[in-house]
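You will see chain A twice below: alongside chain B first, and alongside chain C after that.
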Partner chain A sequence: MAVYKRSYRAYEGPVTSPAERILVLARYAWAEAWASKITIALFILCLVPCLISLVGIYAANNPLVRSLINGKASELINVDAGFFLKVLSGQCWLALVLLSWVAPRVITFDLADSALPILLSHPISRFGYLFGKFLALFATLSIVTWIPCLGLFIYQGYTSTLPWMAGNLRIAFGILAGSFIWIILLSILGLALSAWVKWRVVATGVIFAAVFIPAGVGAIASAVLRTRWGFLLNIPYMITLVWQRLLGAPEHFNTDNFLPNGSIACMLTLACLVCFAMLNQRIRAREVVRG
Partner chain B sequence: MASSMATMRERLSQAPWGLWWIQGYRLTRIELRRNLFSWRAAWIYFLAFVPTFILLIHLVVDRHSGNSISEDTSILAGIVQLYYIRLGVFFGCLGIFSRLIRGEMIERSIHFYLLSPVRRELQLLAKFAAGSIAAILLFASAILANFVLVYVGFGAAGSDYIFNGPGLGQMESYLAIIVLACLGYGAVFLLLSMMFRNPTPAAMLVLGWEAINPILPSLLQKLSVASYLRHLMPVQVGAEGIFALLTVKTEPVPAWQATLGLMALIAVVLFYSCLRIRKLEIRYTTD
Partner chain C sequence: MGVIDLKDLEVRLANRVVLNGLTGELRGKAIGLLGPNGAGKSTLINTLLGFHRPTKGTASVFGLDSHLNRAEIRGKVGYMPENDSFIGNMSGVRFVRYMAELAGLPPEVALERAHEALFYVGLGEVRYRKVNSYSLGMKQLVKLAQALAHGPRLLILDEPTNGLDPVARLRMLQLIKDIRKEGSIQLLISSHLLRDIDDTCDEVLILKGGHLAALCNIEEERRSNRSFMELETVGATERFSVSVRGLGCECAVFPGGRIKLILPENVEVRDLYVIASEQGVQIRRMNQRRDSLEDIFLRAMDNDKERIANGRL
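And now, the complex of A and B:
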């Protein structure tokens, strides 16, 4: 049998562009996230408050329904910035529940099964890998946060008997900006913690703990040291302030605990930087074998 | 009836209690070492002692006037009720007790236990005992340290409050609350870790249930660990904002009744866990 010398030659055919490679990762991560029935159940659960709000908007704009609801009760369904703040808050907290389930699914399998070195041996950078996963999470969280909220905004504009939409464009901007800030923060946090913890079972709990434990610690620091700066550890408090200010809704927190926008922005950026450092540490094409 | 009681008594007297005691003791010791003295347990120390650290800063930095004792007492009550019960002990027990069974499955080492000639119920109870001791040791010592740090800054007024006032009674109540919280949440999370491949979503449902519990009817409030503990609190911390409007005020329950109620809940959960572990099967490929 003839033996031919075979030496390595690089592939010379057409290659996909770097941007498309990231989209391939995003597509597979999306598929992995939605392969679970629990993801679908959580998604449906996330849409229930939106359906209730939809009925609320219909009732608020329907003269017959308003006439049936007497006196002060009709004021309860005023569709204004406060109403959309409640809707946005509800959706964003449900997005945290969805993320705690989805984020570990998109990244821990690669780490737990030592697939990362194989994935990163392809012509894709570490940043590209993470950006692909980030896109999948961003898309997943978008469909339960700003997309349904903006849908409700448009529906309110459509059903309102008065010209409403043009005068309340700030609400739409607030929904979009507030959701983007929350989604970016959550996605980076979810990726970092899932990569760090490695076990999916643990990662789900750690994502919740990372949001609520610092909040508790911040509240203790504020109460014990009699300072408002402890609230800078309280992500739920800070993000609610951000949403209120973006939507122009009345602030219902104690004015003694006022936090300036700059300090909130610094704190959220710092949280993201810590997450980036964690990702930089964990997402590497290496395998640690302990004997 | 009498004959069956006699048979039961005879079976109990013939059971190898000495052997079970040694097996349980050794299993507990192994688990205790893993829960308390490993790097993986460092985060539980953080959960337990982070308020202590803040109180230490308060002691060193702030001035203490005798008038603020009542304010600091309310803050301490808030720390116990809102931080330890809702967050610290909750997540700490979730980590400790989920690891006892589910963690062994993930590490693919539970078959060593299941293949050993030790009754499964005994293994479960030994693991529960080890988890409980670890959690109680950490959180109770943190509460003790917090209590001392709150009042030591007041000097004579502080010691008078502790030894001649309601201080010692409050400390006993806080310790009892922490012990019961560790046992209650521990039993629930041990069961959840056997029932679900990923017990965390179920635990988050428990967290949500505990959070909305004050606004539920009094009958449903009985199905919660925090509701029993609320009745044992020596200093009440009221709900604020919209929750204050929604909170359903239940009849005050005597401390002994709340304690017995929670102990009964723990016993029922542990009994069901013992039944479940007898039928526990593992497939590492799917688990």
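And now, the complex of A and C:
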């Protein structure tokens, strides 16, 4: 086509690779997510605890500040695995808030106007489509979880008078691995639930419900049946255990409710598989009506 | 090699045979896909795009298997679905650009072609408006623009005039004719409106109940059936009809000078004028009735009924 000629012209130029097309999906999904002012507001909210932690690390490593506060208070801002566990937990729960707003924006616009037949009629697979959306969520959640947490870790290493960083590399690994597990789980959950609920506000509520309602059910089951296995429905409990173990922080939950790593991994994998099944059912160019 | 090759194609959906034993080679510049509701038109399109897997046989587009090479096929095809299918939250130009990028165009080229495609289909002035705010006709046009933007080799239009008012319908048909005339794109147009297919296509595939009811070149079909004529004459009609019979025509005379005749292959229309002139007969009206697509369609439907009846016997 040429605007001035009002006539069609074929395209004979170069085309991008299939991997780049997945990035196109990710780029547009990212832009859609960040087009909202609420996303920006939530992002700023997510950075507030990091700023407070930054001040804490500064205070913990500054002799003048330490001398100004009494001994007990200075112990409170001891920068160790426990400190980073608190930071990571805070960031990850705020990431859930951000995700519950962003995930529906990323996918429901495509579903609301039945755009999937057009989207999937292009040289992109269903997996590629979902992977592109997943990348957008992964990037969005990364900038409020492991990136600021690792930034704080590096800052602590920089300001500490001791060779702190080399001796605490496990914390960095824990931050990275713990965040990745949480982000992957949340992204898949967010995509699956948003794909099934057309209304964005409802989808936001459903994402919260999917995390906290099974936790309540699990707690009731554990209390009634006097078993610890009910906690396998409690995602917040399981993920906190994972973070504690990855960072090497002391476990502050009741030892009677101990859950082995294997059972937690199985449960989180199962949750992801259920989400994949939901996505497989919903993300189709054409629905086949049975019966 | 045809544009589309079907070899004993069978597609089952939800344990129901939707397409059954379709075999044929479609070579036309603009191929019409006709059939009553539920005949399997959209299923055939979805199979060609790789959305459904054939349970038996094969379907290929430009020699590429519709299932094994679906990504490659989709890169060469522009698809305009029947129902609403767009991202309403995006502006027209952003939506078309997005689709062009997904088809593999670099971002700058995609943007340029998105503008061009929107101007081409007549949405240039509203390209910055959100697609949600478009009228039904504009939504159809934006779907056409996104199907064209990446320069496909085959354009698949599923009910392109669906829900359009007469003016918008004519505009859409004119666009399709223009695209066909330009020559670099082949068209597959699915419709249940015979007139639309008649206006735009040179080959037609007629489906009924998942079977191939007819596959024919519309022009050739018309040519082979254009010997039936109706005349309105003034003068010595009886004598004229006798002379016409002498040429080998089958002829029937009706009151008011009306004559119906069937021309054999070796007789030209000019011969009738010569006889009329010799006998002082005025030919006031001559209606050379050509088989319309409707006749072809109805005949295909009847043939299909007969075929089923014979099969039962």
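The rule is simple: the second predicted complex is superposed on the first by the 273 of 291 C-alpha atoms of A that agree within 3 Å, B and C clash if a C-alpha of one lies under 4 Å from a C-alpha of the other, contacts with A are read in each partner's own complex, and residues count from 1 in each chain.
Here is the rule we go by: a contact is a pair of C-beta atoms (placed from the backbone, for glycine too) under 8 Å apart; a residue touches a chain by one contact, two chains touch by 3 or more.
Just so it is clear, the model here is predicted, and its values are computed rather than measured.
After lining up the shared chain so the two structures overlap, which partner does A:Leu119 touch, if you call chain B first and chain C second: first, second, both or neither?
second
Identify the partner contact of A:Ser7: answer first if only chain B is touched, second if only chain C is, both if each is, neither if none is.
So A:Ser7 only meets chain C here.
Of the partners chain B and chain C, which touch A:Ile69 in the superposed model: first, second, both, neither?
neither
Once the shared chain is lined up, is A:Cys272 touching chain B (first), chain C (second), both, or neither of them?
neither
Is A:Phe109 in contact with chain B, with chain C, with both, or with neither (first, second, both, neither)?
A:Phe109 sits against chain C, while chain B stays out of touch.
Return the chain, chain B or chain C, that is in touch with more residues of chain A.
On the superposition, C touches more of the residues of chain A.
I'd like to know which partner A:Arg200 touches here: chain B for first, chain C for second, both or neither.
In the superposition, A:Arg200 contacts chain B only.
Tell me which partner A:Leu47 touches in the superposition: chain B (first), chain C (second), both or neither.
neither
Going by the contact rule set out above, which residues of chain C touch chain A in the complex?
Spelled out, the residues of chain C in touch with chain A are 13-14, 46, 49, 51-52, 71-72, 74-75, 77, 79, 81, 83-90, 98-99, 101-106, 109, 113, 115-117, 119-120, 124, 131-132, 143, 146, 148, 150-151, 178-179, 182, 184-185.
Looking at the complex, which residues from chain B come into contact with chain A?
47, 50-51, 54-55, 57-58, 61-62, 75, 78-79, 82-83, 86-88, 91, 94-95, 98, 102, 106, 197-201, 203-204, 207, 241
Would you mind writing out the residues of chain A in touch with chain B in their complex?
Of all residues in chain A, those touching chain B are 38, 97, 100-101, 199-202, 204-205, 208-209, 212-213, 216-217, 219-221, 223-226, 252.
Quick one: in the complex, what on chain A touches chain C?
Touch residues, chain A against chain C: 1-3, 6-16, 18, 21, 24-25, 28, 32, 109-110, 112-125, 284-286, 288-291.
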